[in-house]
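Worksheet: one structure, shown below.
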Amino acid sequence: MSQVLLSLNGLTKAYPGVVANDDISFKIGVGEVHALLGENGAGKSTLVKMIYGLVKPDSGTMELRGQSYAPGEPRAARADGIAMVFQHFSLFDALNVAENIALGMENPPPMRDLAARIREVSETYGLPLDPFRTVGDLSAGERQRVEIIRCLLQDPKLLIMDEPTSVLTPQEVQILFKTLEKLRGEGTSILYISHKLEEIRTLCDTATILRLGKVVGTCTPRETTARDMAELMVGSALKTPERAGRALGEVALDISGLSAPSPSAFGTALKNVHLTVQQGEIVGIGGVAGNGQEELLGVLSGEILTEAGAVKLLGEPIGRMGPAARRALGLLTAPEERLGHAAAPDMSLTENALLTGAVRENLVSNGFLKWGAAREFAERIIEAFDVRTPGPENAARSLSGGNLQKFVIGREVLQGPKVLVVNQPTWGVDAAAAAAIRQALLDLAAEGTAVVCISQDLDELMEIADRFAALNEGRLSTPRSTTGLTVEEIGLMMGGAHGMEVAHV
Amino acid sequence: MDLSAINPVLLIASLMVAATPLLLAAIGELVVEKAGVLNLGVEGMMIVGAISGFAIAVETGSPWLGFLAAAVGGAALSLLFVVLTQVALANQVASGLALTLFGLGLSSLMGQSYVGVKPPRMAELHIPGLSDMPVLGPILFSHDPVLYLGVAIIAAVWAVLKFTRVGLILRAVGENHDAAHALGYKVVRIRIAAIAFGGACAGLGGAYISLIRVPQWTEGMTAGVGWIALALVVFASWKPWRVLLGAYLFGGVTVVQLNLQAAGVAIPVEYLAMSPYLVTILVLVILSADKSSAPAALGRIFHASH
Amino acid sequence: MIRLEKRPQPSRGWSIATPLVAVLATMLFGGLLFGVLGTNPLQAIETIFWEPLFGEFAFYYRPQLLVKGAPLVLIAIGLSLGFRAGIWNIGAEGQYIIGALTGAAVGLAFYPLEAWYIFPLMVIAGALGGWLWAMIPAFLKVRFGTNEILVSLMLVYVAEQFLASMSLGLLKNPEGFGFPGSRNLQQYDSAHNADLIANTGMHWGVVAALIAVIFAYVLLNRHMLGFHIRLTGEAPRAARFAGVRPSRLILLCLGMSGALAGLAGMFEVSGPAGQVSIDFNVGYGFTAIIVAFLGRLHPVGILLAGGLMALTYIGGEIAQGQLGLPAAAIQVFQGMLLFFLLALDLLTNYRIALQKPEVA
């Protein structure tokens, strides 16, 4: 390492009941791309928030270019040349690009000058962006560009990127990497947070691996195998799901010519979607976030109604049926957002079991609730899916993300669906739970259920799906068999590089 | 019935007076809602402003001090809302209602000894030449200063929201408080300032009723103006100049129905008196289709969790 | 520094304790207020809370407790169903007035006929009147997405004007020497909502309130519709996912609360009040909002809260007569109660932790 930019010495941060960061030390060199690798809950976010001044460490110190560094707030961090591209929550949909960028700067120039500078920087780094477009109308990749340009305008010494590729197509990832290489060439250091091993091996100079709040290893990614890094990260060898050979039955789900507007202001309308899924088949639906995934789940769950014939379940048109009627027929769904959509946060697990299980599990008679039966059902889910909780009377929000997700998926799986549609089934879930969920989907398909798995995790889809299709601006590509599908082909199905044609392709 | 007794020039002039309390309260609430907070306590803050202003004006003999006291009174009451919603994270709808119920009670308690008292008058503007012009003089140049202050506040709010950094930050907080927090903005402090501003404006609006429009103190004299102000913010799609337009529209309805009452139209008084409320409902119906301009974080509770 | 930490799940203990603590805090600060107003605080609190129940004239005040409490509980039960689902009917006062008008109008239409079916018809008319009035904001919300808070509230002012118009016009007592107000229904046996047992205050409205409490309890705890109401309030998106149709729920909740408020108005006008008059309504529709929250939107809680609020009304009147405490002071007192309740509710969902200062 040439010259140290930032060194962390024994950083510790505890929250009630959990030590998020325990005595963390490592150094980031000038012009180095440093990977921070770890599972969900390993403490990456907390660490980064301390560097960015959002959280104060309980103990430990930081040094920036040899000087003591203890930012009281993000503003101070920015003033010291530290910039951060967030994974979530940091753009304002109703404001335009220039306004969004101005909000992230200490002393933004007047709007007209700022717009000119945005154009200039976006051209220099190959990230085309119109300063006066409303952010809510941008694609996920473009939104990320807003964040990156916001950082670059401040001429950062250290750029922190939190899971930047989770919202990009493979082609867009290539472009991002070029931008990052260019920055590295200019002497900017990058702290790159990810759990995707291959991209870390491509891009990063050094990797620090976190597990349960502690540094468990440091390595040079180019010289380390993905498998070794994975084992460091997870702490044990992983069991890959088993995929039994399956016989496909008749067409269970038939979507034809389906178009539907999005219920939310900045959502994506579905345009002429066609898809058939056979019994025993798993169809994986990829695509960058915000290209119609939520809407697709909505038209299948019955939250968004369409023409009757646009969605057929075992030949029966169900497009005009609400969620309860569809459940009765055997079409079950599990949405992406666990808290607030798939489950009611403040309600008990028993009540949440009732939420979708009422009809099929016969938990209601004449409109009156059978609490005993509902509780039993909840207990069955907890038991079968190894949900860690003291009992079904606990509120959904008291569960960890992975446990709640197991509950949500388990709730649908145990109802014996004819068709199951899941969106992001393993998002934010630890590796063990993710493996369990994938196995459950495979087992379900083996029993003859038609499964649609919408996910942004391409590895996951390649692992479990028989056929793959991608959503791109509300359109679904023609599904193709997953065997022999290359990353480039997948990327093109996902729409290549959104809005980048002029600049690169 | 004699409709010819209605003088259009005076009608417009009194329309502007009738609109001012509404306008003041609504522009304050607009700022509050732009910051992502729904304060349903406008009626309560107005009536507390009405009595605070009235009492101080009577005691000191200065309507100016009265208006100052009204702004302070309204803002002080709004701080109770701050405690409930920003500190205790209570539901904003319930807290706003609590504020109104409490404000109504508090004002009648404060106002017991002021029933039937006449407040000092605030002199109207008189610019030689301009104020004496026919038609334009009485409409534009012969009002009390607070009326102009109201229009000035609208202009100021518009300019601040559109052109300044403070305005941009306020809008950002109302749009997505988590993102604003992540960028290091003090969401709660910004909201407290907005709520206090809203309270002060509502207080001014209330005092305008008790000191200029009526002018005297009676219990519950705001009679739903605060609620109409809330509707007006929706009507205005959260745009300041449309608040002015809407306030004048409602002012017009109020003044016309009063004039019709005075002119002895065949419609019973009660039905004329209903009209501002019915117009409010009608306008809400027409404008409710488009909610896209509402601040995205409106009414949502913010708790900074690491 | 003090920090708030969200509890993993709501605390049962605090959810029961907060109303009690709020009442105590209100007594404390209310007492201070009374002190500032020149009344002996202890005496005032005692007059308000003790006198009506156990004082010398308790035999007179106790029935009053039922008379005042019944409409509050009846209305608050209806409101609580909507509030639970995030549907804010703030216009119960208007629905109460309209229910009284339609109920009284049916009764007066039969005058002077005496028949057993008149009172039941009035009950139906009262409920229907309140229901219809509440259907206006419900329909507008479902059809146009109009804010039900503002519409239902505007309709209170409209209803008040309507009441004035009726008591001066259509329903005016033809033998009333030109005074505003209708015939007195207390003097019309078939339409009189008399005490079921003389001098107990136990009229049909009290019975209706008790039935409403039981009905709401069963609905919320044992029935799918009640589950859907709670679910919608807790997590609207999850409710849609579960298959709840929001528009149906809006019509139902606003309809039920309107009908109950209308019933309350009808029982009041045909019983304790006796006649339609300009100032017939005394704000039960608004006080019921406090009752609903004080009872934590729980049927049994509302029953207790209704009793407590009735107590402050009656006690307030006694304090007004005996100690010269202004009527408005009681209103402030009630408002304060709601404040403390909302503020203390924090403790149900959050834990207060002492911690080192941290960048928030």
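Note that the chains take the letters A, B and C in the order they are written out, and that residue 1 is the start of every chain.
Throughout what follows, a contact is a pair of C-beta atoms (placed from the backbone, for glycine too) under 8 Å apart; a residue touches a chain by one contact, two chains touch by 3 or more.
Remember, predicted model here, so these are calculated numbers, not experimental data.
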{"item": "Per Cα centroids, the chain farthest from chain C", "value": "A"}
{"item": "Result of counting contacting C-beta pairs for A-B and B-C, higher pair", "value": "B-C"}
{"item": "Intercentroid distance (Cα basis), chain C paired with chain A, Å", "value": "47"}
{"item": "Averaged-CA centre spacing for the pair chain C and chain B, given as whole angstrom", "value": "28"}
{"item": "Rounded Å distance, chain A centre to chain B centre (Cα mean)", "value": "45"}
{"item": "Residue list for chain B, restricted to those that touch at least two other chains", "value": "none"}
{"item": "Overlap residues in chain A, where contacts from two or more other chains coincide", "value": "53-55, 73"}
{"item": "Chain A residues within the chain B interface of the complex", "value": "15, 46, 49, 53-55, 73-75, 78, 86, 89-95, 99, 102-104, 108, 265"}
{"item": "Of chain C, residues touching chain B in the complex", "value": "4, 6, 37, 83, 88, 90, 136, 140, 144-147, 149-151, 153-158, 161-162, 164-165, 168-169, 286, 289-290, 293, 326-336, 338-339, 342-346, 349-350, 360"}
{"item": "Chain C to chain A touching residues, read off their complex", "value": "5, 8-10, 222-225, 227, 230-231, 234-235, 237-243, 245, 353, 356, 358-359"}
{"item": "Of chain B, residues touching chain A in the complex", "value": "165, 168-169, 171-172, 175-176, 178-180, 182-185, 292, 295-296, 306"}
{"item": "Chain A to chain C touching residues, read off their complex", "value": "16, 53-56, 58, 72-73, 301-303, 322-325, 327, 333, 335, 337, 340-347, 351, 354-356, 358, 364, 367-369, 394-395, 397-398"}
